[in-house]
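You will see chain A twice below: alongside chain B first, and alongside chain C after that.
So, the complex of A and B:
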């Protein structure tokens, strides 16, 4: 069972996907293709890659400017839309970096219907520490 | 009570504030200095503008996709979470508060923003 399959078990899960830092989708699961199709998911993944990068820069700058800690590294970025939200994370990559690996796993994301979205449950799956090979 | 006062009464919320969409003013309460609150409001406004642009682009690709108008966004760090809905932001201590409860409260308390406000 992959992390994508686990994400699709979340309440209201509409899609789950893996993507590169440059935004290309590598793997996907889509539950409601009439709402979220491959084309939508491709643009969404590019948006999420950009948002994670900007948020990472802001967290880094914020910690330096204020002296506060606990913002960096970003664990997840969540965009709350009108009907659904998308939660994305690159935290697994941090685990690989800490293990001294240069080849990093992809970013991951899940689209959740707002009515039943459990953001904390999504964070829990995305923050799960997978063994580093 | 204002939304900022309500937010500060929530478990784990250490600071909260509002910014004008046009960027000419902000207000805040809680554990941030005036300078730091100014930086926070500028960053939050910039990201809000950005996600609105993104949602409009997605809407052009797939009308009625369900993203537009975006309600807000979250940045979840190891210790704190930045929660933004409409033009209101707050900082949550992850160990002391619930993100689900906070987002639910903010979504309910803050109506969707008309597109001409952005």
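So, the complex of A and C:
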């Protein structure tokens, strides 16, 4: 059972996906193709990749200006839309970086319906520590 | 007592700020200097606009309804996270904080 399959078991899960840092979708699961399709998921992944980069820049700047710590590196980004939310994570990549690996796993994300979204459960799956080979 | 101050009673909430549409800090409470709260308010206002712009463009390019207007955003760091809803932003612990409850409270308080 992969992480994508586990994400699809979350309440209100509409889609789960893996994507590169440049935004291209590598793998996906879609529960309701009539509501969200591959093309939309591709745009969403590119938007999330951009937001992770922006948030990373902001976290770096914030820590430098304020002297506060604990924001960088960014682990997850979540956009809560009007009806849907998207939660994406790059935490597994950080584990690989810390282990000195140059080849990094993809980012992962899930699209949830807001009315039943459980953000803590989504973070719980996305932050599950997988063994670094 | 300020309405937003009650959010500090939730586990893991360290700072809560309320800001105007131009990013000016109206009130802020918690473990942060007033100057940094001012910066946080400005940041949250800017980030809200970024999130709004992204959601608008996603909706326009994809034709998928239900993304706009966005309700909020979360940026999750190693030990600290930021949650923004409307003109409110809070700093919460990344682990152990009841995020679902915090988001519900932020949304409720933002309507006052």
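Keep this in mind: the second predicted complex is superposed on the first by the 133 of 133 C-alpha atoms of A that agree within 3 Å, B and C clash if a C-alpha of one lies under 4 Å from a C-alpha of the other, contacts with A are read in each partner's own complex, and residues count from 1 in each chain.
In this section, contacts are C-beta pairs under 8 Å (C-beta built on N, C-alpha and C of every residue); 3 or more make two chains touch, one makes a residue touch a chain.
Just so you know, these numbers come straight off a predicted model, no measurement behind them.
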Room on chain A for both chain B and chain C (clash or fit): clash
Touched partner set for A:118, first chain B, second chain C, both or neither: both
Partner chain(s) touched by A:77 [first = chain B, second = chain C, both, neither]: both
First (chain B), second (chain C), both or neither touched by A:98: neither
Touched partner set for A:22, first chain B, second chain C, both or neither: neither
Common interface residues of chain A - those touching chain B in one complex and chain C in the other: 35-36, 39-40, 43-44, 47, 50-51, 54-55, 58-59, 62, 65-66, 68-84, 114, 118-120, 123
Chain B-facing residues of chain A, complex: 35-37, 39-40, 43-44, 47, 50-51, 54-55, 58-59, 62, 65-66, 68-84, 114, 117-120, 123
List of chain A residues in touch with chain C within their complex: 35-36, 39-40, 43-44, 47, 50-51, 54-55, 58-59, 62, 65-66, 68-84, 87, 114, 118-120, 123
List of chain C residues in touch with chain A within their complex: 36, 39, 43, 47, 50-51, 54-55, 57-58, 61-62, 64-80, 82, 85, 94, 98-100, 103
Of all residues in chain B, those that touch chain A in their complex: 36, 39-40, 43, 47, 50-51, 54-55, 57-58, 61-62, 65-80, 82, 85, 94, 98-100, 103, 107, 112
